[in-house]
Structure formats: structure tokens, C-alpha cells
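Chain IDs A, B, C and D follow the sequence of writing; residue 1 opens each chain.
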Amino acid sequence: MPSVITNYQKIRSKTEELCQPLEIEDYIPQPAEFVSPPKWHLAHTTWFFEEFILRKYKKDYQVFHPKYSFLFNSYYNHVGKRTLRSNRGILTRPLVCDIYDYRKYVDEHMQDLLNSGEATDEISQLVTIGVNHEQQHQELLITDLKYTLSLNPLYPVYKPDYSLVSDMAAEDLMIPIDAGLYRIGADKSKKFSFDNEHNAHEVYLNDFTISSKLVTNGEYLAFIEAGGYEDFRFWHDEGYTWIRENEIQKPLYWHKMDGSWFQYSLEGLVPLNPDHELGHISFYEATAFAQWKGKRLPTEAEWEVASDKFKWGTRWEWTQSAYLPYPGYEIAEGALGEYNGKFMVNQKVLRGASNATAEGHSRKTYRNFFHPQHQWQLTGIRLAK
Amino acid sequence: MPSVITNYQKIRSKTEELCQPLEIEDYIPQPAEFVSPPKWHLAHTTWFFEEFILRKYKKDYQVFHPKYSFLFNSYYNHVGKRTLRSNRGILTRPLVCDIYDYRKYVDEHMQDLLNSGEATDEISQLVTIGVNHEQQHQELLITDLKYTLSLNPLYPVYKPDYSLVSDMAAEDLMIPIDAGLYRIGADKSKKFSFDNEHNAHEVYLNDFTISSKLVTNGEYLAFIEAGGYEDFRFWHDEGYTWIRENEIQKPLYWHKMDGSWFQYSLEGLVPLNPDHELGHISFYEATAFAQWKGKRLPTEAEWEVASDKFKWGTRWEWTQSAYLPYPGYEIAEGALGEYNGKFMVNQKVLRGASNATAEGHSRKTYRNFFHPQHQWQLTGIRLAK
Amino acid sequence: MPSVITNYQKIRSKTEELCQPLEIEDYIPQPAEFVSPPKWHLAHTTWFFEEFILRKYKKDYQVFHPKYSFLFNSYYNHVGKRTLRSNRGILTRPLVCDIYDYRKYVDEHMQDLLNSGEATDEISQLVTIGVNHEQQHQELLITDLKYTLSLNPLYPVYKPDYSLVSDMAAEDLMIPIDAGLYRIGADKSKKFSFDNEHNAHEVYLNDFTISSKLVTNGEYLAFIEAGGYEDFRFWHDEGYTWIRENEIQKPLYWHKMDGSWFQYSLEGLVPLNPDHELGHISFYEATAFAQWKGKRLPTEAEWEVASDKFKWGTRWEWTQSAYLPYPGYEIAEGALGEYNGKFMVNQKVLRGASNATAEGHSRKTYRNFFHPQHQWQLTGIRLAK
Amino acid sequence: MPSVITNYQKIRSKTEELCQPLEIEDYIPQPAEFVSPPKWHLAHTTWFFEEFILRKYKKDYQVFHPKYSFLFNSYYNHVGKRTLRSNRGILTRPLVCDIYDYRKYVDEHMQDLLNSGEATDEISQLVTIGVNHEQQHQELLITDLKYTLSLNPLYPVYKPDYSLVSDMAAEDLMIPIDAGLYRIGADKSKKFSFDNEHNAHEVYLNDFTISSKLVTNGEYLAFIEAGGYEDFRFWHDEGYTWIRENEIQKPLYWHKMDGSWFQYSLEGLVPLNPDHELGHISFYEATAFAQWKGKRLPTEAEWEVASDKFKWGTRWEWTQSAYLPYPGYEIAEGALGEYNGKFMVNQKVLRGASNATAEGHSRKTYRNFFHPQHQWQLTGIRLAK
């Protein structure tokens, strides 16, 4: 299975490449429950291959360490007990070098397996899930790291010229889409897609228009300056409570210093560029902004149907849609059935991809999902009406 | 406007009739933030007419008491500051008799207004909203009261023969519905409906089947006895956390005593009848039960499309659907715009009505909504596939 | 035992007399865990006689209601399970009239017992504890009620001319006391005292001076106006955290309205009188005030030794002393052993009595105790150096 | 000032020697608010010299880094704003090597200053406080590290043969002390002592007896096996609530595995030795154990008066005494006034020293203090009667 191996190697190396600028100290802290330390991402993605492939399919495979399954399982109840999610940052051991040894050990065994005659289509499909899973963690590794570094009063630089922003100074057009019956979702018989994209199905849409570009920092600044955070009329009731209880007055990572706006980025603290697309925005803020503009967020079906007509891929775009099963959705048997389905309540769908999304890990049917208050992903806003 | 007046009087009297069995002590406590005391319901529904009609449309109207607007506003930010929701149970004053005087005062002024030449279509529409609002509070008054009394180790009786249950011993059929384009929602130009039912719009549905009857106590008991509360595979991740953190092992109001099951009801503590429809179930539990049965909850569109083919109205039925705006939904200007729209996040739609719903206050397009963990309403389960 | 009976009757009637101005609504709410509703105080003091005397010593005594022991036990683990302290305000039943019937029933049985030949010295001692216990609850009934009514925006009046304040306009003298060995505490062989006053014992005191009068509202206002709540130097670390987290800037019940100071009292809202003694102050605030004045709070031994030289009895006076066992203190056998000893950690001793203390329920050896943050008792400040 | 320099150097090196077995990963996590990471201890003790000595007394001194004062101030409000105590574990930067550079920089400047003609008695006294402060942090560094490592399922070894235990198999004698007037506390004119040990003063003690040895693991195990954690009669009310809410059934670091008892130590997980002295016990547990034994904890005055008659120094011994000012205690001017006085509420005094206390950092008048629930220090029990 040469292409499977090549892809496996490429994606595994990419994860380590992302960690290259890190100091050992950077691998450890977990400043919030929703964030995981780089050490944990490196180990967890490795455990995924050990647990779901090597232990089952590789003859006489010996696990690297008997306690790693307990330490690096994320949330799979099928697999048994695990470290509390909030305790990922207290683990001084295994050392960072132990984790790199673990990766090497698993990679070698995976290559053996894939090169051997034992490799089957079933294994190949699991590898595909595993590398897609690792790509998801590549993005999380970056967004989690940004969150951790951002809390440091020294504003550390991860890497110069690592901006994750794009210029959005073009004119905004509202693209019209006609009412009608459309087909959305992914066909599971075709190339890889996650179970939450199945089944492909028909939806009826009314006429709508959708913006050709993402909302910029400058446009959002106008909302702030117009008192948007103080005016309850634009907010969900829960959103308004959330901004008051958490004293939120601006997007995550924005800082006003001596009258000027700055933004913490992985390049360090930089002046806010009004022409760049907005990022790190919650669903509550996205909705309030849209309301203030006299517009709304698109539904995920609208987004998907219109997506060929605009440029996307620099920000995960909040939709109005709740994260719910598609018609015909079925939870898979066993641990991998826990991948998506059990999170289908109280979360919102985001569409597109971001500047931090792994290459090749995006498609127009992809359904990302987060709770409405989360800001630490590279989230943005596209308006509809 | 004789029919408006008659309806107003009928519904206002009904609220007081519901309070007839109460002692003064029963009017006061608020044991949880989501519950309001009867005194508050009586006053708040009255304040609604005073605030939105009398103050604006009745010439020289003097409010009954200058602080009542602060005390009895529920959540209308437009109207100004208000008592914290969690503080409704600390108000020993105004006395219960003062509240009845307040009702009388407002009713007299409302009748004057409606009998006078000043009454317009606009007023008539506001009265319609006001009486529908009062009907919603009639049901809440009963479910809140049940919650409060249920916490009392003396298991007080509200009223003998007030059971709120029905017999469901009939055979269960799965009614088939064909795929196709259907129209759901309410046409705002026709008779009264809430803004969240607008606009009527097309939806495309796949083939599905839906149960002819509600799940019974006996069926749910089988789920409990099969270990349903211990098996993570049936639960949303948040649902499973919720049952463990709150030590939930059974529907609200069920008690196992010396090996037999009882249920607290407004008639007091009674043996659990396996043939009655289940009630007081959370969305999490409803979903887990459906999962265990190899079925699922219907979407709200499926429910509405099929609703003419089954009997409904004894339990609010959880749907799979999140509470979201319909296409074309617009938030109204002013305080009444806060009625529905600002709650459209993190809540689930319930369809139907319950044994405690006011007469005439149900229709197949009605969208009720609660958070997925709430159990204190008369909620039930209908399965789909 | 005629004197025991007379005293019993007098104190029991006094409790009901205190409730005379109440409406039924006032008997119910519990706005904070440290507060109990009047209904609960009436029942709990009655339960004390039923549980500790009638059930043990009255032949064939039938309890008034089998569940009252569960409902009205305060904290006696020996006696078994009980209503959660925080749930005292949710009990709509038993009705207020039921509680008065309960009091009558127990009083009649107590009188029978005390009139009968069965009454012994042991019973007489228990009655003495019971009436002292009831006197403690008389004061709590008043302070709890004040707390509940104070939260009502209508500022209800409990009773006109019920001020609980005294004039303190006299000159302040610092009374000097010589160093030496002094005896403090109560001799248990003499007249009634609580176990926490035992044993009488020697203490050595250095020279000190103590104020002849309590701190007034006016003096405390000067502390506020001098920025005392903003200057960390005067505060315990925990006290400073407490005022910031709870946004405390003034004594409980003080209100600044249009530039003038008012105080909620059981007479309603009244202008703050600068010559009246300060009340409703926490230990943290008392210490910060003393620190600002360049003085300190007295220890409980200093207070007791000097107490014959100044007027006391209008405010419970915070001392520097922690509530700890005296030398030779022993926890009594059985439930009454839980009366005092188990609270001897993290609390401070208050000495004296207040304007709300029952007549005859004070002596210079009396040790009252509360947590340092509590403000809802009639607490005040006397300085020492 | 050669002796001052020698002592300074010796103690500063000792801190680094304690860190010698650590990996970089060990320097980072903070698993609980009461714990600080090694990196923080290394930096904070250095900041103390920079802030209180070099900035004030060394001509033209340039601080090592402008933000370190914000990062490494512990609780001195006088010095200004600081990192939240709970955020010490999120700082990936400064790197561990930066902190060692910081130490070197400050040490060089300190040596310059002490060698120069500028060094005065005032500076010498501040250096004495600084090295005593650093010795306190040496012990905290060890106890904090133990807490962090103990949470790791891999049970890491800090250093072989680093047991912090002693054999206590000797016979227990109750040493009698006669009643009388005794002098306790430290004379501030003599050699160094902390302000909380001042003034030396007279106390009157009744006759008492005190144990010649500390309670052992074996004795405490008997308490557990006798059901001590289930019997409310032995516990303070707050202690009993604390053990139930936190599900505490044994001392910190004890583990029962397959029927045998083990103890996590800095040597790793080792079998529990019944003859070793008990450690890591809260005040609540210490009191409950004493109560079960029919004894009590000594007061701090009793402990100090009797301390020449028994061996002490392996465990910090809980006393019955609250941490309160001694007669004549005065808070010093400026930031060092925050060292002790502001913590004098809700804490208990511990006397003695432990196997982790720095050499030369103990004396019989020393007053250590912690909250009654804290277990992570090397605390033990000596009984009195």
C-alpha cells in the first residue's frame, strides 16, 4: 500500500514539523479544559494508531507502555478509563523525549504492518481515519498553543512570519442563490468523509443572498465602536449573559493599548490590520454582529450550496445551524462510533476551513462543530440574508 | 369588541381558578431558578397587560404600584431593570391579597379600555398575545407548583383527581410517511400564531415512520431495568455527564420504595401505572431511550407533517430539532421582539401540547422549547425511524 | 416545679409574641443558607422539647407528626437524617397554623410532664437548656427576618418603633486595665451556663486599655470616606478578597440614595443616625476599622475582665479571639454534645449581647460565635489597645 | 560582611541543589492553587532580593527583566499588580534556563553589594529575612513537587533514598507539665525570629501531659479501620462536611492496592511502614484522631513550654491554637508588613519542623500556619491531655 504509507509518513512528519519551534517548556501547560498541551496531542494521535490498528491487527504487537492508553485516550468510553480531561497539564512525565520515542516506535510498527501482507482494506480505511484525525489535531495543536502563549505577559513568538491572516480588502458582494431543491452532504461510497457528513440528502432552500467575503477586523471594530457589546437587542439571551459574566468586550486576543488596537498572534503582538479577516470570534458575537448589520448567518445548507461561488478556507465560518444528525445518520459500532455522534447537542456547525487547517483536509461538505461560546479556534463570519 | 372581552375574562378567571386549591404558603417558595412561585405568575401575567397595553393606550392610566414593574417584569430588557430571576421566592410582600387586588384593578381597566371607543385592532392583537401569554403561564404555574410540592417530604396533594395522565395501552404502530416536499409553519396572515412559527415554508423530507402512540412508563421502566442509565453508548456525551453529575437514575418524580415504583403527582404520591404515558423526561433521556430502542426522535418537520395521523396533546414531545429561526423569521420591534427570538440557541423544540396546556392553546405548528436537561415540564417521547 | 413551668411558659409565649406582626407570607422564605424562616424557628424550638424531653421522659408520648423530626432537626447527627439546611424555605407545608398547633400540643404535654411526679432534676436541666436554646432562636428569628425583609425593594416594616439602636453620643474613654492573672469563664456548679463557658480558668493579661463605648455609625462613615475599603493595608488577606469578590463597600443594610445615607431597619428604611452605634458589621470590617484607627479588637479574656467597667448589651462585640475550647472543656455525651464543640474552628468569639437578645439571656462569660464574614447579626465594634 | 555572604551563598546554592534531579518538564505544572512550580520558587526567591534590596540599595541597579516583578511577586500588594496565583503553571516562558540566568545575575549583584562599602546593618537584616524566606520556599518546593508528582499515574521518583520519614517505634510516654505562669515567644532584640513570634509574653497554663512521640502510620491505620472517617462524633462540623464533599477516607498519598497499603513518596510508591510517623494529615483529621483516642491536640503555648522534653523536628505538628497575633504584635511598615500579619484569620498554628525543613531554620518559638484542611505539608500529630 505505497500511497497509504506515503500519506501516513507525510502527515505524521507534518505534526512534528509544527512542533519544531517549541521549547520543552511549551509542551506542558494546559491553561483551560478545552486546550490540550502539545505533548498530549503528539501522544494522543499516536495512541490512536496503536489502539485502533496495531493492537488489533499487528501480530504479537507489544504496547509501548502499559499506562499510555490510560494517559492518552481522549474520550473513548469503549476503550476504558482515562486521565481527566482537565488534568492533561499536570503530567511532567512521560518526558517530551519519551513521547517522540513513542511516535517513532508506533511509526515503525505501522510501516511494518502496512508493508506486510497483513494490510487489508479495513486497515487502510482505519489509517485514513487516523491520518484525518491527526490532521484535526494539527490544527488544534496550533490553536491550543496560541491560546496558551497568549496568556503569557511576555507575548512569546511561536514563529516569525506565521500570521494565519489574509487580506480581505475587496468589495463585498451579496451573491444571490435561487430557491429550490438541493443535494448536500457526502456520499459515503465515494472518497473519504466523516460519518457526520452522511447521508447525502435533499434540502429545500428559499431564495437567499450570501456575502462574497468574510467580515474584516475593521468592520467588526465599527460594531464595537457603535456600542454593540452594550446593546442587548443584538444578542441571544445566553450570549448577553455570557459577555457580561465574562466581561467580554472584544474578540479574543485583541488588546487596546494607549488608544491603539493590537492582536496577539503566533508572530507575537502585532498592530490590528483592519483589512484582514476577523478571527477568534464566538457564535454569540457572530450573531450579534450580523443582527447589527441587519443580516444573519447562513445555514449550513445555504453555505454548502453557495460555496462554489465564493472563496473560502481562511476561517471556520459559523453557521446558524445546530450540529445535528443528517437524515439516515447512524452511529458506527465500537469506539469509532464515539467520534462524532455523541456530540450532537448544544453545538453549532462551522463550515469551510482555516489558515491553520492541514493541507488536503477540507471539502465543502465538511462539518466542524463547537460550542457557541468558543473563541479559540480560527473562526470568522460570513453574512447572509 | 365583545369576543375579545369574553375571551379575556375567561382566560383571566381560569388562572385564578387554578389557584383555588392553594394555601397562602403555597404562593411563595421558588425552589429552583427555573421555577416561579404562583404569586409571581399571577402578578407577571397582569403586569403584561398593564405594561404593554394600559400604560400605552389607556388615557390617564395610573399604574397600580410604582415598583410592580421592577418586581414582575420577567426578562424584557426593553422595559428596564428587574428583580433577579433567582430572587422571586424571597418576596414576602406584596401579599397574596395585594396581588389579587392588582389583578382586579388591571382587569377593570382593561374592560374599560376594551369597551371604550379607544380600542383598536392594534390593541386587540396585543390582547391576543397577552391572553396567549397568560395561557403559557397557566401551564407553567401547574408544572412549577408540582416541582415545588414534590420536594416536600409530606407529598402534599394539590387537588384530588388531578392526574394529568392518560391510558396508552393501545398497540404501537409505526406510521409510514412518504418522502417529498411539505409545507410547515404558520401563515401569519391567518389566525393567531407566535412569531417563531413564521414563515410557513417548504421542507424536503425523506421517507420515515413515526409511532402512533407515546412511550409508556412500563416501556421506560424496561430501559431502566436493562441498565440504560449505566450504558454510555446510548447517551450524548453531555447527557452522560449530566446524569452522572446529578446522580440521575430515573425520571423526575419517580420513587422506588420497598421495591415498588411510585410517582409524585398533583394528587399526591401514587403507584406508577405502567400503561400511562411517560412524563417529566429530559431530552437526554428521551434520546438515550430512542437509541436503546434502535429508533430516534422525529424532527419537528416530520412531527408536524405526520401529526394528523396520530393522537397528540397529552405530553410535550421532544424532537431532534434545535430551536432555530424559520426562513424569513424576523425579530419584532420593541419589547415583544424579546418574546421568542433571543432564546434560539442551545434549546430543543417540543411539539404537541400536554394535559396541563390551556384549552384552545395548541395547534400543530406550535413550537415549544426547553433546554435539553429540563425535566419539570410534562414532556414525553414519540419514536421515529 | 412551678418556677420552671412559669419560665417555660414565659419564654415560649415570647417567641409567639415576636411573630405577632407577621403575615403568613413572612413565615416562608429563606433567602440565604444562614437564614431560617420564622416557621422553621417556631417548629425547631418546639421539636427540641419533643425530641430531647417528651420522647424520652413522658410515658406513652405520641409525637405530633412522624415526619417533623426529619423536617425540624437543625444539625444533630445523633438524631438522624434531616432536611438540608438550604431547603428550609421550600416547605409550603406544614402550614403556619399547623406549626402553632404543634407548639400548643408540645406545650400542653410539657406542662403535664412538669406538673407530674415524673419531673426530675435531669428534666429540669434539659428544660433550662431548651428555654435558653429558644431564646437564642428568638434573636435569630429577628435577625433572619430582618435579612429577608431587607432584600425586598418595598422595604417592609416589621413593627413601628422597633429600632434596635441606642444613642452613643457620649465621650469615648480608653479604660486602663492592669496586667496580671485573672480568672475567666463560668463555674459549671453555679447557675446555668453553656458548656463552652467551662471551665473557669486563669489567664495572664498584659496591661491594656479598652474603649468605654461602641463605635458609632458616624465614626465608621469616616472610615468609608477616608477610602478604608480600598486600602489593602488595613485588611486581612481573606477579608480583602472577600470585600472585592462580594463588592462590599459598606455595612449590611446601608444605602446611599441621592447623596444621603439610609439604613434598612425593622421600622423600614430610615436615615442613618451618626450617633447610633454601628451594627451589622463583619469581623473583617471590624478589624480593618480598628487597624485604621491605630487600635485593635480586644481578646475575649480582656473583654470579660474589663466588662464591669463599661456599658454593654446593645451589640455583639467582635473579639480578636478564635472560638476554641477552654482548658478542661469536654464534649457532652449524646446529641447535646453537638451543641457547641463541633463548631470550634474558623469562627470568632463575640461578647456581650444585643438589643435583640432575649431578656435574661446575657452574662459576661457568654461566648457567642460566628464566621468572620457574617454581617447579619447585630454585631458591633469596641476598640482596645 | 563575610558571614552574611557565606550564608547567602550556601542557602542560594541549596535551592539549586534541590532542583538538581529535576527534568525541565518538572519545573512547569501547577496542579492546584496552593502549589507553585519549581520554576516559580526559583524565580520568586530571587525576585525577593532584587525587589527589597537591590532596587533600593544598589546604585544604578538595572532589573534583570522589566516584567519579572509582575510575574514573580507572590502576594505583596505594596509592590503592585501580579500574576494571578492560579496562573503560575501556564507560563512556558521565561524558560528554565532564563531563570537560572536570573539567579546568577541577582547573586552577582548581591555579592557586589555585600562586598561593597554600601552594605549596612539594615541591608544585613533584609538579607537575613531573604535567606529565611528562601529556606521556607525550599521546603515548599519539595512539598509542592511531591504533590505534583503524586498525581501522575506513573508515580515518578524524585530521588532514591529521599524518604523524609523516621522510625517512631519507641514507647509512648505522656510527659507531665505543671500548671503555672510561663514565658513564650521570641525576644526581638536577640537573634533572628519572625515578627509573628513577637512579643515574648507570659501565659498561664493548667496542668497537662503531652506525648513523647508522634503518632505513627500504624496508630492512624487503627483509627481508619475502627471506622473513624464514618463517625461524626469525632469531627468538627466543617471537618465532617469536608471529608464527605471531598471523599476523603485516608491521609494524602496513601493508596490501598489489592488489600495492602502503599504511600507515594519522593522515592516513588512504597509500602506503608506502620512504625514511621504519620504525615500529610489535615487539622480536621488530626483533631478527629485525638478525639477518638480520648485525648486532644496541645495548644501552641503548651507545645513550646514542653518542647525541651521531647524530640521534635520530623513533622510540623498541628496545635489546637488559631494563628493570632501575640500581645504587642505590630505590623511592620511597607511591603514586609504583609509577610505574616494579614494571614491571621482562619488558620491554625503548627509547631516544630519537618524532615524537609532547611537546616538551621527551626526553633521552638517558630510559628508555622496553614488552613485546617491542608494536607500537602509534612504535618503530623502529637497528642496532649
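One rule holds for everything that comes next: contacts are C-beta pairs under 8 Å (C-beta built on N, C-alpha and C of every residue); 3 or more make two chains touch, one makes a residue touch a chain.
No experiment lies behind these values; they were computed from the predicted model shown.
**Q** Farthest from subunit A in C-alpha centre terms, which chain would that be?
**A** Ranked by distance of C-alpha centres from subunit A, the top chain is C.
**Q** When the C-alpha atoms of subunit B and subunit D are each averaged to a single point, how far apart are the two points in Å?
**A** 57
**Q** Please report how many Å separate the Cα centroid of subunit A from that of subunit D, as a whole number.
**A** Each chain reduced to its C-alpha mean, subunit A and subunit D end up 44 Å apart.
**Q** Among all residues of subunit B, which ones touch two or more of the remaining chains?
**A** Subunit B, residues with two or more chain partners: not present.
**Q** By the document's touch rule, what are all the touching chain pairs in this structure?
**A** Here the touching chain pairs work out to A-B, A-D, B-C, C-D.
**Q** Which residues of subunit D touch subunit A in the complex?
**A** 23-29, 31, 67, 70-71, 83, 87, 89-96, 148-149, 151-154, 156
**Q** For the complex, give me every residue of subunit C touching subunit D.
**A** My answer: residues 75, 77, 181, 201-204, 206, 232-233, 235-240, 283-284, 287, 291, 296, 320-322, 324-325, 327-328, 331, 337, 342-346, 372.
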